[in-house]
Amino acid sequence: MSGNTFGKLFTVTTAGESHGPALVAIVDGCPPGLELSSADLQRDLDRRKPGTSRHTTQRQEADEVEILSGVFEGRTTGTPIGLLIRNTDQKSKDYSAIKHVFRPAHADYTYHHKYGVRDYRGGGRSSARETAMRVAAGAIAKKYLAKLGIQVRGYMSQLGPIEIAFKGWDSVEQNAFFSPDPEKVAELEAYMDQLRRDQDSVGAKITVIAEGVPPGLGEPIFDRLDADLAHALMSINAVKGVEIGVGFASVAQRGTEHRDELTPEGFLSNNAGGILGGISSGQPIVAHLALKPTSSITTPGRSISIDGSASDVITKGRHDPCVGIRATPIAEAMMAIVLLDHLLRNRGQNADVQVDTPVLPQL
Amino acid sequence: MSGNTFGKLFTVTTAGESHGPALVAIVDGCPPGLELSSADLQRDLDRRKPGTSRHTTQRQEADEVEILSGVFEGRTTGTPIGLLIRNTDQKSKDYSAIKHVFRPAHADYTYHHKYGVRDYRGGGRSSARETAMRVAAGAIAKKYLAKLGIQVRGYMSQLGPIEIAFKGWDSVEQNAFFSPDPEKVAELEAYMDQLRRDQDSVGAKITVIAEGVPPGLGEPIFDRLDADLAHALMSINAVKGVEIGVGFASVAQRGTEHRDELTPEGFLSNNAGGILGGISSGQPIVAHLALKPTSSITTPGRSISIDGSASDVITKGRHDPCVGIRATPIAEAMMAIVLLDHLLRNRGQNADVQVDTPVLPQL
Amino acid sequence: MSGNTFGKLFTVTTAGESHGPALVAIVDGCPPGLELSSADLQRDLDRRKPGTSRHTTQRQEADEVEILSGVFEGRTTGTPIGLLIRNTDQKSKDYSAIKHVFRPAHADYTYHHKYGVRDYRGGGRSSARETAMRVAAGAIAKKYLAKLGIQVRGYMSQLGPIEIAFKGWDSVEQNAFFSPDPEKVAELEAYMDQLRRDQDSVGAKITVIAEGVPPGLGEPIFDRLDADLAHALMSINAVKGVEIGVGFASVAQRGTEHRDELTPEGFLSNNAGGILGGISSGQPIVAHLALKPTSSITTPGRSISIDGSASDVITKGRHDPCVGIRATPIAEAMMAIVLLDHLLRNRGQNADVQVDTPVLPQL
Amino acid sequence: MSGNTFGKLFTVTTAGESHGPALVAIVDGCPPGLELSSADLQRDLDRRKPGTSRHTTQRQEADEVEILSGVFEGRTTGTPIGLLIRNTDQKSKDYSAIKHVFRPAHADYTYHHKYGVRDYRGGGRSSARETAMRVAAGAIAKKYLAKLGIQVRGYMSQLGPIEIAFKGWDSVEQNAFFSPDPEKVAELEAYMDQLRRDQDSVGAKITVIAEGVPPGLGEPIFDRLDADLAHALMSINAVKGVEIGVGFASVAQRGTEHRDELTPEGFLSNNAGGILGGISSGQPIVAHLALKPTSSITTPGRSISIDGSASDVITKGRHDPCVGIRATPIAEAMMAIVLLDHLLRNRGQNADVQVDTPVLPQL
C-alpha cells in the first residue's frame, strides 16, 4: 500500500493520474519565511512541459500550478503547501484499444497483477505525467537551497549512442535537449527526426550536479545521502540505473587512481561524486541516471490480452520518443528534495570542534 | 540523526563499530512460525567472514551470532529478533597513526565534519564490519522467502578489468570470489596476487538475482521496488552505482530492442530486470552494483590533518584489497530484506479479478 | 517540520488553512476495488459541517468535496486519492484585530514562537476547519471497514456538567448534539442557550466505539492499537484526554474487579475497552476523549501583544461555543483511520494454528 | 508487523522477552559529544528495578546494562547506541501451568490470536520487563535534556482510592511509591499490605512534568507534541488513560475558567499543561496516566483454554500487586524520549522574528 510520500523532514506526497481531473501534491516541512509564489514553480514546470519542441509529446498541457495553502502574504508559514494542477488536454479515447491488452515494457501488466483494476488511460498513475508534481515540489526545495548558496542543475550527457561532453552550463537552457554542448544540438535533432521516421524510441543519460553543498549531509548507515539519492532518482519513470561520481567506471579503477587525495587547498579530484561514507564532503554532488527508451511506440509488438491470448499491440496516443529529453528538470527536482531533507535532518553539529556544518539561512 | 533502520514492515536496525565491544541488530516484523536457529544465520555470516582466503583481510573474526529474542522453542514468535556478535580481534593500536589524519577516499573526513568526534579505530561505524549484521538479518529474510519459493543469489560479474561471464550457479560457492565461471578463478587469483604486490586495491561488480518473485511487489510512486532496491544496494559500503536489468546499457537501446515482448508462454526477454512501473513482473529480479576500490591501501597518498596541514598517509591495519570479494552475501542480504518487506506490504489483492498476488506461506 | 501525515499503510496527509483558498488531502493506501464517490464522503462532512444548528458556528461552508484521483469508473484503483474542498465563506477582516495579539488558550502564541510568522486569519492551520479533511478521509476508511462488518460510531457522553447516558444508537443522528439519550436534548439546548447569553464556552466528552473488530490488530510494543488510538484522538483540536475502556476509573479498581473474565461464550465484561497488550481482543473497541472549552469567546481576557505589552482581547469571528458538538464525526474518522491502517498492517497470521485473524474482504 | 521502534529523529528500538536470554535496545540519533557511561543509565534502571521493597515483585534482576556501541572515549559519537541487559532470574517453570490457558485481562489471548504462537513464560514480550530498556534509553534522553535545562520528573498521584497531593519533589525519591507527600507513605504501605493479604491488585495514577521546555516543540497536525506524548504514554504496559494538563476535568470547565490568560510576566495558570495547538508554550508540560490493576493475581478467575473450554486460572509467578509503583521512571523515560525527539525535529526558526526557539547546547 501507500508509497506516494518521499522524505523524512521535508516530505512530498503526490497523487493524480494522467487522464484524471488533476494532479495534487502536499509539500510538508518547508521552513517558514521563504518568499514563494506560483511563478517560482512555473519556471521549472515550463522546462518539463510537453509540447515545447517537435521532439516531445504533442499533448498540450498548460501545467498551471495553484498554491492552495502554506503561503501567507507571499511567504511560507511552515505549514504544509498544497499544490494543484488541473489536467486539461486528456484525450482518453486514444486509449480504448489498449484497455484489454498489456503494452510491452509498460506498467500495464504489473498494475493489473498488483491491483486487479487499472486506469488504462494514458498509463494512469504510472504515466510520467505524475512527475510534474515532483518538479513543482522540487522548485520549492531549489529555491530554499539557493538561499544557502546550493545550486542544483542537470544536463543530458548522452542520447542513444550520442555522448555529449560537458562544455559549460550556458547552452543547457538554450536547446530542447538540455545539451551542455551547443555544437551537438544539430546532431541530436537529426537523430530524433530519423527516430520518429523509424517509429521508434531511444534511451538517454542525464547528469545532475549540486554545487555549494556543505559537508556533513547524510545519515549512515541506511539513510546515507547516496542511498537516498539512488532511491529518489531510481523512482523516476524509466530510470534503470543510477551512479554517484564515477559510478560503474570505479569497477575497473585501482585504489591509487580512484581515491581523491586532499591537500590544504582542497580535494585533487572528485571520483567520489562528493559523498564519502554516505556523507557529503563539500565537493559537488554528481549523479548520473540511465533512462530506458519509451515503451510507447507505434511499431507493433507482440503482447497478450488480459485473458492471456496473444495480441499484437500498437501504442497510439501522444508520446515522447525519448523521455530523457524532459527528464533533466525531474532529476534536478529529486536531487533538490533529497538535499533539503538531509539539510533539515542534519543536527550532528558538535560545538567543541569547529566544523562547517550548515546552519539554516536567515531568510 | 537516526538513519540506522531499513524497511517499513520488515525492519532491520543495526548498531556497532568496527573496534567496539559488539555488533547488534534488531530485526522487527518477521512473521511468526518460521523455524530459526543461529545456525541459519551462521551460514551466510561464514560466507562473508574475513580471513577465509589470502585475498581478503587477515582479521580473524569468528562472527558468532547469538539470537537474544523473538525465537521460542525453535520458531519465530512475531516479536523482534535481537542479534549479537561480539568483536574479538580488534587491534586498535594499528590505528593511532591516523587519529589526526584523514585517509583519502575514506569517511574520516566526512564523519569528522558531521559529528565533530569519531571513533577512528578501523573506521568505527563507517567500517564494512557493520555489514555482518546485514548478512545475519538478510539470512532470516532469505529463509522466509525460500519458503515461498523465492531464491536470492549473487555472484561476482567483474573484478577490476576482468569481466566474468555467468556460466552457472554451481561454481559460485566453490571459489573465494563467488565467480560463476570456474575457469576464470585462476586468472582472478593471479590478478589479486599482483595487486597485493602493487600495494593497491581494485573495484568489482556484483550481480544479484531473485527468482520466484511473484508479480505485484512494489508500491509506486516513491516506494517502487526498484527504488527501494537502489536505496538498499547503494547503502552498502563502497557501492557507487546500481543498475536494474540492462541498466546503463538501456541508454543506447531503441524501444523496439529494449521492450520485453509478451506471449502466452511468457516474456521473451528480460531487459527490464523483472520490474515494470516499479512493480515486480514475475520475471527474475536482476540488479548489478559497482563497488569502488578499497580506500585503505599501503601506497602513500596526499592528505591533510585535522588542523588542515598537509600530511602523507599510509593506511596500516588489515584490509581487503577488493571489498567486492566479500560483497556478494551482503548484496543478497539487502535484496532479500527489500523483497520480504515488500511482500509484507503487498495488500493490493482484489478478488474480483483472478490475480497471482502472493499469499503468505503456511509455514 | 513535517507532521501532517498520519498512518503507516493507510496514510492521510492534509493541508490547508481556515481562510486560505482550499483544504486538500491525499489518502494513500486504500485497497483497490472499493466503490467510492464523493457522496460517500459528503454524508460525514455534512454531519460535521458548521451552521446546521444555532449551537455551532454560523460560518456557512458547503464543504463540497471533489475526488481528484485514485478512483476510476466508480472504484478505487489502489493509487492515492486526492481530495479538495474549496473554502467559500472566509471573512478574514474579522481577524485583523488579533493580528498582533495572542488570544489566550489559543495556538497564536505557540505558532508565533515556533514559526515566527502565522496566518492569523481564523487560526490558520490551527483552526478546527482542518478536521474537515480528516472526516473525508475517515469516510473512506469507514466504508472499507463496513465491508468487513466493522462499524465505527460515536456519541456525546457529557456536555459541560451534564452527563449523558447511552440509551441506544437510534437517537444519536436525530439531534444536533449526537446525544444517545433523546430525553436529554432539551436540557442540552437550554444549557447551550444560556452559555451563549453568558458569552462563554464549555467542554465536552465524546465516546467512540468500533464493533466487529477482529482480534489481532495492533503491533506491540510502540505501535500498539491503544497507543495509536491515543495518538490519533489526542491529535484532534481541543482534546486534552483520552481513555481506553474504563480509563481513569481503572486507577481505583482492584484486579478482581477490572479483569474481564472469559467463558466459552465470550468475555463477561469489557473494562479493557477491547484491547489487551496493545492488541484487539474481538470485543468492541471503546475510547473516550475530553474536549476543552473553546478558547474563542467574546468575554474579554487578559493577554499580551507580540511586543510583550499587556492587552485585553475579545475574539470576534464566528465560533463554536462547544467544539465537542461537532467532534463526534471527527473522532469516528480518526478511529476508523487507525483501524484500517492496523488491519492492513496485520500479517501476524500463522496457519498452523486456527486463528480468526482478519482477511481482506472480497469487495 | 514491526512496531518496536519509537521516535523520528531520536529513535528507540527494543527487543527482548521476559524469560529470554536478554533485553536489547538500539538508541539512534543521540547527538554526538554527550558524556555517557553505563552508570548514567543504571541510576534510573535501579529506580525501576523489581525487588527493592516488599511492595513489588520479588523477582531479583540486577538489570545491569552494557553499552555496546555509539560511545567512544566517554562521549557519544552520533552513531547508534546499542544496549544490552542479560536476564538472570528467570523461573520459567512457574509458568507451565498457564501454557494452555489465557489469563484474564492479560495479553495471552490477543497474542495467541495475532501470532498463533507465544512465549508464555512470564508474558514473553508483553511483560512489563520490556520497559527496562525504555528506562535505559530514556536516561540518555534525560541527560541530554538536562544539558538544556530541561528536567523531567514524575510522581505517584493516586494509588487505588488514595489520592496523593503534591507537596514537593523532595520526598519523591525517598519512598518506594514515588509519593510526593511523605505523610501519605504509611497509609500507602498499609493499603498495600492489606492488598497482598487479599490476593488482589490495584490501579494507580502517575503524573509526569517537564520543566524548562522551550516554546515551539511539536509539529502540527498529526505529530503534535500532545499527540506524541499520548502515544508514548499509552504504549506503557497497563496504561488505560492519558491526560494533558487538566485533562478530563476540562469537560466541565467553561472557557473563561479554562483559558490560561497571559500577562507580560507570564501565564496566570496552566490548565493547558504547557501545550497549545500541539506546540509547547514554555510552561511546564504536565501529563497524567492511569494504570490499571495488574492482571496477574492469585485469586482464581474464570477463563478458557486454547481449545475453548472453561478453565479456572490462578497466576503464579512473581508479580507486582500494583504496577503503578514502578511506573514513574518509565513515564519519565517516555516523556524524555518524546521531548528530545521533538527538540531535534524543531527547525521552525525564522530569523526575521526574534523567537526563543531552542538551539542545541554546546556540550
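So that you can tell them apart, the chains are marked A, B, C and D in the order they are listed, and the count of residues begins at 1 in each.
Throughout what follows, contacts are C-beta pairs under 8 Å (C-beta built on N, C-alpha and C of every residue); 3 or more make two chains touch, one makes a residue touch a chain.
Just so you know, these numbers come straight off a predicted model, no measurement behind them.
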item	value
Of all other chains, the one whose Cα centre sits farthest from subunit B	C
Contact-richer chain pair (by C-beta pairs counted) among C-D and B-C	C-D
Computed distance of Cα centres, subunit D from subunit C, in Å	26
Centre distance in Å when subunit B and subunit C are each reduced to the mean of their C-alpha atoms	44
Where subunit C touches two or more other chains at once, by residue number	1-5, 8-9, 14, 31-33, 78-79, 114-117, 125, 220, 344-345, 347-352
For the subunit D and subunit B complex, residues of the former touching the latter	1-5, 7-11, 13-17, 20-26, 28-33, 66-70, 72, 75, 77-82, 84, 114-119, 124-125, 344
Footprint of subunit A on subunit B - complex, ascending	1-6, 14, 102, 104-107, 109-117, 125-126, 130, 158, 160-161, 195, 198, 200-205, 215-216, 218-224, 226-235, 237, 239-264, 268, 271-273, 275-282, 290-295, 297, 299, 301-304, 308-310, 345-353, 355-357
Footprint of subunit D on subunit A - complex, ascending	8-9, 31-33, 78-79, 220, 344-345, 347-352, 360, 362-363
